[in-house]
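First the structure, which I've put down as structure tokens, then a few questions once you've had a look.
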Amino acid sequence: MVTTTYMEAGRRALAEEMRRDPTVWALGEDLGRGGVFGQYAGMAEEFGPLRISDAPISEAAILGAAVGAALAGTRPVVEMRFADFALCAVDELVNQAAKARYMFGGQGGVPLVVREPMGMWRSSAAQHSQSLEAWYVHIPGLTVVAPATPGDNLRLLKAAIRSDDPVVYLEHKDLWGIEEELGADEPPGELGSARVVREGSDATVVSWSAMVHNVCEAAGELAEEGISVEVVDLRTLWPWDREAVLASVRRTGRLVVAHEAVLVGGFGAEVAATVSEALFGVLKAPVKRLGAPRVPIPYAKPLEDMLRVGPDAIAAAVRAQLLGPSPG
Amino acid sequence: MVTTTYMEAGRRALAEEMRRDPTVWALGEDLGRGGVFGQYAGMAEEFGPLRISDAPISEAAILGAAVGAALAGTRPVVEMRFADFALCAVDELVNQAAKARYMFGGQGGVPLVVREPMGMWRSSAAQHSQSLEAWYVHIPGLTVVAPATPGDNLRLLKAAIRSDDPVVYLEHKDLWGIEEELGADEPPGELGSARVVREGSDATVVSWSAMVHNVCEAAGELAEEGISVEVVDLRTLWPWDREAVLASVRRTGRLVVAHEAVLVGGFGAEVAATVSEALFGVLKAPVKRLGAPRVPIPYAKPLEDMLRVGPDAIAAAVRAQLLGPSPG
Amino acid sequence: MNRPNLDLERLADRHRRMHRIRAFEERAVAALEEGLVLGAIHPSIGQEACAVGTVGSLARDDLLLSTHRGHGHTLEKGASAAAMMRELFGREGGNCGGKGGSMHIADFSVGMLGANGVVGANINIAAGAAHALRLRGERHIVCCIFGDGAINRGPFLEGLNWARVFDLPVLFVCEDNAYAATTRTETMTGGPGPAARAEALGIPAHAVDGNDVDRVAEAATELRERVLAGAGPQFLWAKTWRLTGHTAVDKAAYRDAGEAAARWKDDPIARAAQTLRAHGVGENILSGHREAAVEEMRAAYEEAKAAPWPETAALYADVQDVGDPREAAFRW
Amino acid sequence: MNRPNLDLERLADRHRRMHRIRAFEERAVAALEEGLVLGAIHPSIGQEACAVGTVGSLARDDLLLSTHRGHGHTLEKGASAAAMMRELFGREGGNCGGKGGSMHIADFSVGMLGANGVVGANINIAAGAAHALRLRGERHIVCCIFGDGAINRGPFLEGLNWARVFDLPVLFVCEDNAYAATTRTETMTGGPGPAARAEALGIPAHAVDGNDVDRVAEAATELRERVLAGAGPQFLWAKTWRLTGHTAVDKAAYRDAGEAAARWKDDPIARAAQTLRAHGVGENILSGHREAAVEEMRAAYEEAKAAPWPETAALYADVQDVGDPREAAFRW
């Protein structure tokens, strides 16, 4: 077992896949010097500049070229630097990558991974902090992954690279440094399978990415009060593990969905709508969503912090659930 | 009263606003020859090429320039031709237009309207048919409008042009030809107010844009069976008229939300999640969402038609609601 | 005109192939009027010399990325006219199983990786396909065709720069038909145009009379050789004219009827025929090309008309390997 | 060096202003190390001649669009250093109320319409601002500054083409510091570079030694005059060098220490000082500039440190006029 950070896990996944499959390569700005967060440190040295390829500041070309390279038989891993910059290449992702296999009637596939470091991180303000996973889930053809732990980052990035379809792979910048003991041989994970992080009987809390850690903290707090929370980490948002969530909520009768993204139109709405419909009559309380208010992300730390869904808010939402429904 | 098409209503709204306010202007490809659907017919003749401005095939520049022109004191109305091409200008809309007022601490505003003809229309296939309203609702700073009738297109486009914030204005291509009698003097509508198209007592059906017409058809059918449906047209998706929807569902106890967009992650999820939470215990049946399966839009008409949420599907969903909840 | 390299047989063959494209599109336009072609189509009538000259000069293993106006390119790359017609009709057995239509036509079996409904989007894709060829050590080229309107989109800069920086085997072809939809492209284009822009990005550019099929073919062949020889990306600017409307239903009323009439005199098919005639090729051969093409496309039309619609299951096929596309839509 | 137009007083003033920028950024870097500046900052140390030469040559009513590396531009346009420091600290009274930070700094009261966190995004915005000036019949110009890395983004082509086609009053300035983050820009740039690309889009381009503040100012002044006179957009390519890392925490270990040391000898402030010294300007004046600047920024720093955080209500202010941003998040 090796102590491995979330960042190192991503590096390891890519390196192991590149050793295994010569058609895997990575492209993005500054990769030759290790990438902007150091996620590619040492890789150009091992794999050379052709397979760990620098790129001009041309997001549309980075993603568009990856589409072409995928159609022509390679497996590009695209580094977008910040999820926000992926907005410079949306036609390439949504109109091209996601639809090519379908529009061409299955003649070709687009096995590419788009790594998009997401989320709030150190007062990065409105153009460097967004969480837009809900957008990608809405687009047919895209697989969407948002790992919360080093182990999942290792295993799911491998799975993403082996997928024959385009995968939007969202790493959370706030998680780069977290650590986990990982084995020398970690096989690819399964896309679409959730993880029950903690079992519980009074309420289920569903989340993904960095939010999972806040949820765990809240669950710990609540345990001390005698409230038993089941924590489900979705890990993959498309496909999402509906069965696991429904099974959990069937047992607990209560659901809170928490995410960092803006609440309105967030992926929590999909989870809440699905569960509210499927478990109507089973739910003991209305499904509660937690997310950011609908404001751009401000710079000043106290304001930024107000946007965060912290352990306290999560714990409060669970407690409120246990009090039963509020009058409609 | 004048018989007015949905398309003509848009033209009239823009012309009336341009006559009223010299800072209003429109820009987009082919506008000088009336625009791709004829929505700008005759306007270059009245207002000249400076105010009805042609543009190169540069969607990023069209929208980006509109942001600059709005920051510098004019009110640009951007024509995106097909909502799908707006994906070539997402940074400009989401990272720039939507956030400028906030990031700059209120120093400047971005009063622009982005007209995006949306939706399925005559086998236009995967890159000319999308409905992505859910994306825009998720973005702080954007107002989102999707009118269903000529009258609303006239009144709400005026309101959008007078708004001091960026408005994503989604006209449905399938509605261009529908007609309504409109007065000579139609004041701007109110952004954020829904319209009860038809009153009813057994179930509420919420929709917007072209889907409203299918819902009305279904309601007519159901009326013959003795089922009384209240039809709510949201008209504006952000802000959306939560109060009107809740008031209606409080009375009927049942809700179906229908939209043309992909169901997963569609705006229907927001409506369903909100109502399921707010009216827990009041609902007589689980909120039912109707939307497209998660596939790119195919070309062949029989396949395209399979994606459509038609009056029959809506009627069936309402009937199922009246049978009560299915077992969870 | 001085024709040092005139090869009558070759020109005759090109004349025949241009007629195939013309006949395919005339058939498709008629079928659209009948309601059999479902979506919009963009005829390349008047531009056939570009298709035959450029795509006809590629090897089968070369890759091709085309545009919304890509019937001619696709035919020349080797796709079956019958399969293409079925695709335009949205039928089973279309190249894309009826799911793409004219704007997304593709035939991967002959290296045609797709038309594109988004102007300019094929440029970055082409650069990336060439990147893959390089990574895989394959000695082919990628040919990327786009219109004069596409040079005003960002991907033109990004994709050409990409190909230059990574020294990729791409032949870029700007098929300049003077219009972008209803807009005279030059009114929306700053500077001297396509070639200057390519050169400024470090890519050698060559202008050619796009209505002279032999000249286009010579230029394309020569540039393809250079690309294969490792000279890096090359740029061909073929000047032609769009003889009909932007789409099949566009009457092009925004342009001068006189000019259109004059341009018809420059019809590349007529020009090739004139040269052939001047060199003694018989009228029967020339009209034979036309008739054979018309007959081929009539047969393709009949076949397409008789073809069944795609199976219902096709709706959910080839979306992606994981996840159920019907999810939620019909589930609970 | 031959200095026909040397105006000692003017150069001295420019020297003083360059020192203000330098001192502001040195203060900000120190404050970042203390944890007082919250987000990333991109110092323009070594590039002050570009800011003073270009922005210093604008009129107050001219508009300016800048980049992530925009402190110098913003100061020169007339923003208060104290307000800027408060912004970097995320405090009340910052130019953007603490909601923007360094990458979104703006001061609309002096025509500075914003830094930008997205490389190249300011180019189309600038073209549009100029479009508005034209529509409103105002006789000002828009100045748009971007880096050498931005010329590889699509908006460079689209925005410059836009300005040319509509003949807009924009002065584009490429502040070429040889790097884009850790990348030597020339390795990712096809063709001869910024000027050639501008020219290919029909915009006259002019290269200038970006470390010679007088030359930059002369060129900018002249080009601004041309723009005002109706000559259409102009392009200035100012070649400089980034003396420190990409961000304040970047040690720039990826580049040769020798080169950096050599480049420090070309420090534009030192160069101006040398000229002034050679023409008899006293050491006390020169060091006075530095000291006054340091003192001004120390005061700005103290003031910012003492400033309160923004009020809680600021979180929900200035999102948009309609709709409740707290909606749903806290409602039911």
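By written order: A, B, C and D. Residues from 1 in each chain.
Here, contacts are C-beta pairs under 8 Å (C-beta built on N, C-alpha and C of every residue); 3 or more make two chains touch, one makes a residue touch a chain.
Here the structure is a predicted model, which means the values were calculated and not measured.
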{"item": "Set of chains adjacent to chain B and to chain D", "value": "A, C"}
{"item": "Identity of the chain that, by mean CA position, is farthest from chain D", "value": "C"}
{"item": "Chain A and chain C: spacing of chain centres that average the CA atoms, whole Å", "value": "40"}
{"item": "Separation of chain A from chain B, taking each centre as the mean of its C-alpha atoms, in whole Å", "value": "29"}
{"item": "Computed distance of Cα centres, chain D from chain C, in Å", "value": "45"}
{"item": "Distance from chain C to chain B - Cα centre to Cα centre, in angstrom", "value": "36"}
{"item": "Multi-partner residues of chain B (at least 2 other chains)", "value": "55-56, 58, 60, 84-85, 88, 91, 95, 102-103, 125-127, 140-141, 238, 264, 270, 274, 277-278, 286, 289, 294-296, 298-299"}
{"item": "Multi-partner residues of chain C (each touching 2 or more other chains)", "value": "96, 98-100, 104, 116-118, 152-155, 158, 161, 165, 187-189, 314, 319, 323, 325, 327-328, 332"}
{"item": "In the complex with chain D, residue positions of chain B that touch it", "value": "23, 25, 50-51, 53, 55-56, 58, 60-61, 63-74, 76, 91-92, 95-96, 100-108, 140-143, 163-166, 191-192, 238-239, 242, 270, 274, 277-278"}
{"item": "Chain B contact footprint on chain A (complex, rising order)", "value": "84-85, 87-88, 90-91, 94-95, 98-99, 102-103, 125-127, 132, 134-135, 137-141, 238, 250, 261-262, 264-270, 272-274, 276-283, 285-289, 294-296, 298-299, 325-328"}
{"item": "In the complex, chain D residues that touch chain A", "value": "38-40, 87, 90-91, 96, 98-101, 103-104, 116-120, 149-150, 152-154, 180-183, 187-189, 254, 309-310, 312, 314-316, 319, 323, 325-330, 332"}
{"item": "Chain D contact footprint on chain A (complex, rising order)", "value": "29-30, 32-33, 36, 54-60, 84-85, 88, 122-128, 263-264, 286, 289-296, 298-303, 306-307, 326"}
{"item": "In the complex, chain D residues that touch chain B", "value": "63, 65, 94-100, 104, 106-109, 113-114, 116-118, 121, 123-136, 142, 154-155, 158-159, 161-162, 165-166, 314, 317-325, 327-328, 332"}
